[in-house]
Amino acid sequence: MKKTTKILSLVLTSILLAGAVSGCGSTENAESPAPAQNNKTAAEAPAENTESKGTIKIAASPTPHAEILEQAKPILAKQGYDLDIVEFEDYVQPNLVVESGEFDANYVEHVPYLESFNEEQGTHLVNVGGIHYEPFGIYPGKESDLSAISDGAVIAVPNDTTNEARALLLLQDNGLIKLADGAGLTATVNDIVENPHNLEIQELEAAQVSRVKDEVAFVVLNGNYALEAGLSVGKDAVAYEKSDSEAAKTYVNVIVVKEGNENNEGVKALVDVLKSDDIFNYINDTYDGAVIPFK
Amino acid sequence: MEPIIHLENITKIYNEKSDPLKALDDISLDIQKGDIYGIIGMSGAGKSTLVRCINLLERPTSGRVIVRGKDMQALSNRELRRERTEISMIFQHFNLLMQKNVEDNICFPLYINKVKKADARKRCAELLEIVGLSDKAKAYPSQLSGGQRQRVAIARALATNPKILLCDEATSALDPQTTTSILSLLKEINARYGITIVIITHEMAVVREICTHVAIVDNGRIVEKGTVDDIFDSPKTEEAKKLVLYRRNRDVTIAEGGEGI
Amino acid sequence: MILSSGFDWSVFTPKVNQMIVDGVWETLYMTLVSTLMGYVLGLPLGIVLAVTGEKGIAPNKAVYGVLDFIVNITRSIPFLILLILVSPITKLIVGKSYGSSATVVPLVIAAAPFIARMVEGSIQEVDKGVIEAAQSMGADNFTIITRVLIVEAKTSLIVGVTIALGTILGYSAMAGIVGGGGLGDIAIRYGYYRYDMEIMVVTIVILVFLVQIMQYIGMALSKLTDKRRIK
């Protein structure tokens, strides 16, 4: 019973979020660490001669964002910064609280989402550094060899804007289809101009894609849904977005601050730490390919 | 002679468990073949329940119902349904199928009795002739007046050649003139086909107009019964006096209103 | 705000037009088939509910209790969840768990109890006196159901079909989750997700048109068959 409830809530959350968001999913929301207490951190911080340079208040998605930030926290503490991480389950509030000045930064989104958010909401938020991306992968279903894909094979892809476009771009990168020039980040099946294998692209709600794995030739999944389906990018994917791919560059999750604070010392220190080898190694060791550090 | 309807110590209690309500209290009644038997009482006296005990639309809590020599309560469902085709019923609000035309309404009991369609149509034409609505076969009940609807209901009730006709406040929704015409139709049916008629009413005028016998029901009990002449001439109980007297006064006003009894 | 940016007809490429035409067929297919199947299940279920209910012609607390419970449970589950929960059953019946036909299964499961309730209501409206009259003629329950209840409830039942069609058409908008397609899905994905105002407006106009036609036909039919009022 309890398990059913959990699955239900997961499914529901996924469905609700998938429309608005891409790539920044979570696997175990319920068990992710609670935001650390300000005072406690200050007390635990090494009492060496580091003088306090103030608090950096950051809004973050629970997984992997907040988990990664937790790793950065002690390192920043040594430099005299107190990193105050507050977790958000949605993707609108983190932007609004940064815009309003209540938070110094957030770590929840990728650039296309940030840009469309700025455009729609009239906010003034800027990207100060890409940290990680969660690669899309093509996973085997009834077939397992992309190069020998059968004619008329069915490939299931997510049906929401960014996820569908990313899936189609990945299929294009692997030579399966060709999209119209400029289709880019909003590509739909209507933009397919060449389809040599006569593939049938079946659009499904993102959370549903992995569920039809046994009924179709291949499925294209983003990281969190692959994880939920028990699939590993490293072990199971027949192809995935490389870190130099257009998609990785586009969908890298970034640290966002309000315009004007880009050169803030604290912000700079935060980005530097997140891009350090320590954090890179942590990401690579922890997430098994589902989260890849962005160089 | 054995009565066609024999009710013996009929008691009916509703909601026996929670909030018991005694609708009928130890009623015994014999109705002879060919009688036009009136059962009169104020509303709520239990007369509608009583008449439904005859065809077992209501099952008495205790007592015996013998109709045409048969112990009704001992019949199986199938036998009871068969027996009901011999005991027709008409109602205050006619209870016709509003989505079906006159012909289909009259043929309905014949359909239940698996009469062939052609035969049913033929019988329907005869019945419409009897009730004087031959031109209305294809009309819908909504297109008919109250009196016409009751005539259709009577035709429907007669379709299966019943031996008994139960009339539950059959004229209460009609104006005095129509009431008179329906009553004379019932009288004619009684005379022509020998059908025993049981009339439930709260109108003394109805009883006086056509009944041969009458039972006065009050509070679930029969307070007095006998021939209409006897009861009207010399009511014995208080309830009977009250009803006869009260009704007499009222009958006068109705008569002045043009009922023409 | 988006409207003011003008209506750009150029988005209607042959591919998009084809998608919308397909959407119309998918919507009609899902709605009509699901309503039909919904009635195959829901009509008898609703009749049994009405008949076995406290005031029915054959009251039966056990039967009514169980059916009433099942109907309430199914009606309480949000359609979105139902869509996903029943996918194993869908796969069993249809052979695959995605596509328009796969959507029909959850649509029917969602629609049948809802239809049953409407049928129950329609039948409960039938004049008790007419039922009593049929009983007094010696009609058995089956005859009463087929020749009295359904006949007298006809108008109300037809209105119910009209309501069911509209509701199921609304549900079918969520078909996109399992790749069922249809106009509702196009409106959501292109209009809502992608801000393709033009596609959204066109699909919604077609949807409104479809609902209007269904409504019109349903109401005309119910009026045409209603003999209760003098014309």
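Going in written order, the chains are labelled A, B and C, and every chain counts its residues from 1.
Definition applied: contacts are C-beta pairs under 8 Å (C-beta built on N, C-alpha and C of every residue); 3 or more make two chains touch, one makes a residue touch a chain.
Because the structure is a prediction, the values reported are computed rather than measured.
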Chain contact graph, described as a line, ring, star, complete graph or other shape: line
Farthest-lying chain, centroid of Cα atoms versus that of chain C: B
Nearest-to-centre chain - CA centroid comparison: C
Rounded Å distance between chain A and chain C, as computed from the means of their C-alpha atoms: 39
Averaged-CA centre spacing for the pair chain B and chain A, given as whole angstrom: 82
Chain centre separation in whole Å, for chain C relative to chain B (CA means): 45
Junction residues of chain B, two or more chains touched: none
Complex interface listing, chain A residues touching chain C: 8, 11-12, 15, 19, 156, 159-161, 186, 188, 190, 202-205, 207-208, 211-212, 215
Residues of chain C that touch chain A when the two form their complex: 13, 15-16, 19, 80-81, 84, 87, 91, 96-99, 176-179, 185, 189-190, 192-194
Touching residues (chain side chain C, partner chain B) in the complex: 127, 129-130, 132-140, 143, 147-148, 151-152, 154-155, 225-230
Residues of chain B that touch chain C when the two form their complex: 55, 57, 77, 80-85, 87-89, 91, 93, 95-101, 108-109, 111-113, 140-143, 153, 156, 160, 166
